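Take a look at the structures listed below.
The two complexes that follow have chain A in common; it is paired with chain B in the first and with chain C in the second.
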Partner chain A sequence: MIGPLVNGIILGSIITLGAIGVTLVADILNFFNFAHGAIFTLGAYFTYLYLNILPDMGSMFSLSFGGSMLIAIILSMVSTSLVVLFFDKIIFRTLRRRDASSLFLALTSLGLVFVMKATISMIWGPQVHYYGPIQSAIKFPLGIRVKPDEFFIVAASLILVLVAYLFLKYTRLGKAMRATSDNVVLAQASGVGTERIVTWTWIMSASLAALGGTLYGLEVQIRPTMGWSFLIPMFVAVIVGGVGSFGGALAGGMIIGISEELITSLLQDLFLKLDIRVVMSAYKPAIAFVLIIFVLLVRPHGIFGRKGG
Partner chain B sequence: MNILTVEGVTAGYGDMDVIFDITAEIEPDDLVAVIGPNGAGKSTLLKTIVGAVRARKGEIEFKEQDVTNWAIDRIVKRGLSWVPQDDHIFPTLTVEENLDVGAYTYFGDYSDRIERVWSFFPQLKSRMKQVAGDLSGGQQQMVAVGRGLMTEPDLLLLDEPTAGLAPNLIKMMHEKIGEINKSGVTVLLVAQSLETFRASNRGYLLTSGEIKYSGDTEDLLDNPEVRDLYFGG
Partner chain C sequence: MLSYIASYLVMASIYGIIALALNFQWGFSGLMNFGIGASYMLGAYSAALLSSAPTAEHLGGFGVPFPFDLIGAAVIPAFIAFLIGFPALRLKGGPFAIATLAIHEIIYLIVHNEMWLTNGVWGIRDISRPLYSQMPQQYDFFYLLIAGGLLIVFYFFFRKVVRSPWGRVIRGVKVDEDMALMSGKHAWSYKMQSFVLGSAVAGIAGGLFVHYTGFVSPTNFTPLMATFIVWLMVMVGGSGSNRGVLVGTFFVWGVWTGSEFLTDLFPGSMETRAGFMRMFLMGIILLIVIMTRPQGIFGRKKIIPKYLRSK
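Showing the complex of A and B:
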């Protein structure tokens, strides 16, 4: 039980990073960005690119990487943000100016997924990549096995989530972003320029996705479809937590991560006892969907969402 | 010299015009009311002035500058503040955060502005950490006007500031609007009731998107046609 719980926290912390980006765009730009998974993937590949360009700085503590990885992550967050802003300027801003509906914006983002996935495959190839050698796990009591990199994954996720929260809660720009998500016209009537808010929403969303992609790549591997398979848990986390709710994205991410790991582990044990041969990890997305149905039946606006929001 | 001049403005939504050839003048320190029946175009006039609705014809001059169809955030930076009738607060933000966003255009220390809002609406100070969406209608209206004051506007547009309020709150709001005006803020408001209209110095009567009468409040109230048209005799 404890082992899957730990795995769930690791997975949940990565889902949360992605979910915050999804919920910000959904709330402020008013559409579900299907390209968020591809942005997540792009971030992972940018880190891989910079890691190969930067000089090797050795490894830190017991981690599989060192300072060059940290620099690569920062460069990746900047690069991913710039690419996303480019897409916004040439596609989404044009659509906004034409008063395109949320559905149209979402469908456009879905089209962008295929463009980005194909471009990533063309540049880096369809094969999997790794940031470094595969680490062996440290054994703890109660059968818990954790790789040193996984401590970094959870810590980095929590720090970035905290930074994002403090930014939105206490800074002038963060309050303006929340105000814009509440009421665009009233925010404008307070002197808030919407396009500036849109730009910062994309930057925050893309930066968190780039970090999430890198951490997932660190945990598993880098492949062109990695973000696509992660999109469902990210969307489910947002809907379960409540669209537009920062706390909801955090709680939703953790709920999805932990329940996916715990439930698959429990069912796997059960099927083993019943001598039924099933690989339960393949059914993780099904667990996410069951969760979403259950939560929406009980609380249609999500756990932390507001009615009508 | 006028602080606001509206000259022959026609505006509306979609293919339909709602206000036609409106001409109005507001002098500094004035407290002017726009009255008229429902659907007369009162709110549309305010929205057109602030840039939330595009003017199809005519010109709007604010502080000697043509501001016709400026973006809302740009016109706000020039010193015009607008408190809409509906959706006039940020419901998920606290009272204090609503005021913070109101001061968005100002980069310095704005604690004196917040103190000024507390001086007008002392009831809000004890609720500053409360989420604005959880407040009563009257308190939300105070937050809305307070947010509008945070830009330190030269001209404050208030769209039906007493709509839906209890009679004692309506009286209080009239007093506050009077105090705000006396503190040097020119006010243009949409009045829903005779009491609110009485609180103004001058007025415009709008019917079917056109100005039918304008003048001093007392003169308009003495006009039997105005009384028949709007106040029911």
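Showing the complex of A and C:
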């Protein structure tokens, strides 16, 4: 019972990092970015690339990696942001000027998924990669097994989420971003440059996704399809939490992560007792989907969503 | 060579039927269905299971002969779409697309994992190919008559449907749901009807596919091959134009089959990577169409007269 809960928190913090990016783009650029999963994957591969270039600096504490990983993550966040800004410049900006509908932008991002996924697969191959040797878990009371890296995963996500929150809440730029999401015309009239806001939205979204991808790579492995399988949980977290709500993305991410792990393990136990042979872990994405239906039946705008938002 | 062209035309006809179904859902009804591949997959597996001989490997042995199992291939996806429509059609736009994408993933997972039902990744073999024993040499030409014939039937069917009074309401709901409601048309119900009809037609295409290849496995229904390529066909041709969608289908399927030579250009060890070249090409085509001609080759920007638009 507590084991799946711990796993759920780890998974939930990774989903949250992706969900914040989805919700920011959905709110400020007004479309659901289907390429967000591919951005997530790209971030993980950039980290892999830099990790192999940088000299090995040994490992910190009892983590499986050291300072070179931290530098690689930062470089990966920058590189991923640059790639995403490049796509914005050549594709999305033109479409914005043309006043393309949000569905049209979503479809464009679906096209981008295949371009990015194919490029990643061509460069790094379709096989699985690892950042380092697989770590053995430390045993805690109550049958909890946690790898030291997993503390890092949760801590790094929480810190970055907090930084992003403080940025949006207190900095001038963050306030301008929130103002734009609230009312574009009013924000523009007050002298907020929309293009600058869009640039920073992409940078935040891509950086958090790059971190999320890297953390998932640390926890499991990196492969070209990793982001695609995270896409649905990320979207569901956003819809459950309420589109455009920062706290909603955090709560949604955690709810999805924990319920995926908890419900699969509970159902698996139940099926074992009833002697039904179903491998529940294969159906984790289905749980996210069932959850979305329940929440939307009760609260059509999500848990933290504003009406009409 | 001729039979190569015939086999290209057969597959293009099958994809053409799915593209017409998607065009009806997206181009005329405004439903952003990213799960059209799920209906295609359900239709394919329904036909395969209904017509296959009894076996210990998976469900089967119903013994429904060829043209009649296509009814099952239409009814089963339609029924599933009906069930899914209740929660999914409460959502609009982007969230609806996500919900349908999730449904595709779930159905894919079931087909992929449940050995007793679909034989999992091993797929279903020896699906009956109608009249194959009579003409193994000219089979592609014979099947072209069936697939191509059905494509033409569905082309005129959708042409008729869209122009009927019912189709006018469907188009009206796309443009302005509130306006349709005000005119006493139950918008939600019309969206559901469109969703179910499109899914049924895509299911029939799935049934045609398995009787042509005689084999079906989950790898036929990846997001690229079952959903994205169909979207590409609709977008290239022009959503909202049935004629355009047919042109788009034959063009996109031509590029896809033509690009097979790309895999031959690379040495053996690089072959898997060359496969991704083709995926890359498909994505790039969509981006080029969107940037240069967003309404597609034959697309019209408006599907109802300007003065009727509310915006």
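Definition applied: the second predicted complex is superposed on the first by the 309 of 309 C-alpha atoms of A that agree within 3 Å, B and C clash if a C-alpha of one lies under 4 Å from a C-alpha of the other, contacts with A are read in each partner's own complex, and residues count from 1 in each chain.
As a convention for this text, a residue touches a chain if its C-beta (ideal position, glycine included) is under 8 Å from a C-beta of that chain, and two chains touch if they have at least 3 such contacts.
Quick caveat, the model's predicted, so the values are computed rather than measured.
Chemist: Does chain B (first) or chain C (second) touch A:Leu274, or do both, or does neither?
Modeler: neither
Chemist: So which one touches more of the residues on chain A, chain B or chain C?
Modeler: Per-residue touch count on chain A favours C.
Chemist: Once chain A of both complexes is superposed, is A:Leu142 in touch with chain B (first), chain C (second), both, or neither?
Modeler: neither
Chemist: Looking at A:Ala282 after the superposition, I want to know if it touches chain B, chain C, both of them or none. Which is it: first, second, both, neither?
Modeler: After superposing on A, A:Ala282 lies in contact with chain C but is clear of chain B.
Chemist: Just to be sure I read the superposition right, which of the two partners does A:Ser102 touch: chain B = first, chain C = second, or both, or neither?
Modeler: Second partner only, chain C.
Chemist: Output check: A:Gln188 vs chain B and chain C. Expected answer is one of first, second, both, neither. What do you get?
Modeler: First partner only.
Chemist: Look at A:Val298 in the shared chain and tell me whether it touches chain B only, chain C only, both, or neither; answer first, second, both or neither.
Modeler: neither
Chemist: Is A:Arg178 touching anything from chain B or chain C once the two structures are fitted on A? First, second, both or neither.
Modeler: So A:Arg178 only meets chain B here.
Chemist: I'd like to check the shared interface: which positions of chain A are touched by both chain B and chain C across the two complexes?
Modeler: In chain A, no position sits in both the chain B and chain C interfaces.
Chemist: Okay, in this complex, where on chain C does chain A touch?
Modeler: Where chain C meets chain A, its residues are 32, 34, 87, 90-91, 93-95, 97-99, 101-103, 105-106, 109, 112-113, 223-224, 228, 231-232, 235, 272-273, 276-277, 279-280, 282-284, 286-287, 290-291, 294.
Chemist: Which stretch or stretches of chain B touch chain A in the complex?
Modeler: Touching chain A: residues 50, 52, 71-73, 76-77, 81-82, 84, 87-93, 97-98, 100-102, 104-105, 133, 147, 150-151 of chain B.
Chemist: Name, in rising order, each residue of chain A that touches chain C in their complex.
Modeler: For this pair, the touching residues of chain A are 26, 31-32, 34, 91, 94-95, 98, 100, 102-104, 106-108, 110-119, 121-122, 125-126, 228, 231-232, 235-236, 239, 279, 282-283, 285-286, 288-289, 292-293, 296-297, 300.
Chemist: In their complex, what parts of chain A are in touch with chain B?
Modeler: The touching residues are 172, 175-176, 178-179, 181-183, 185-194, 306.
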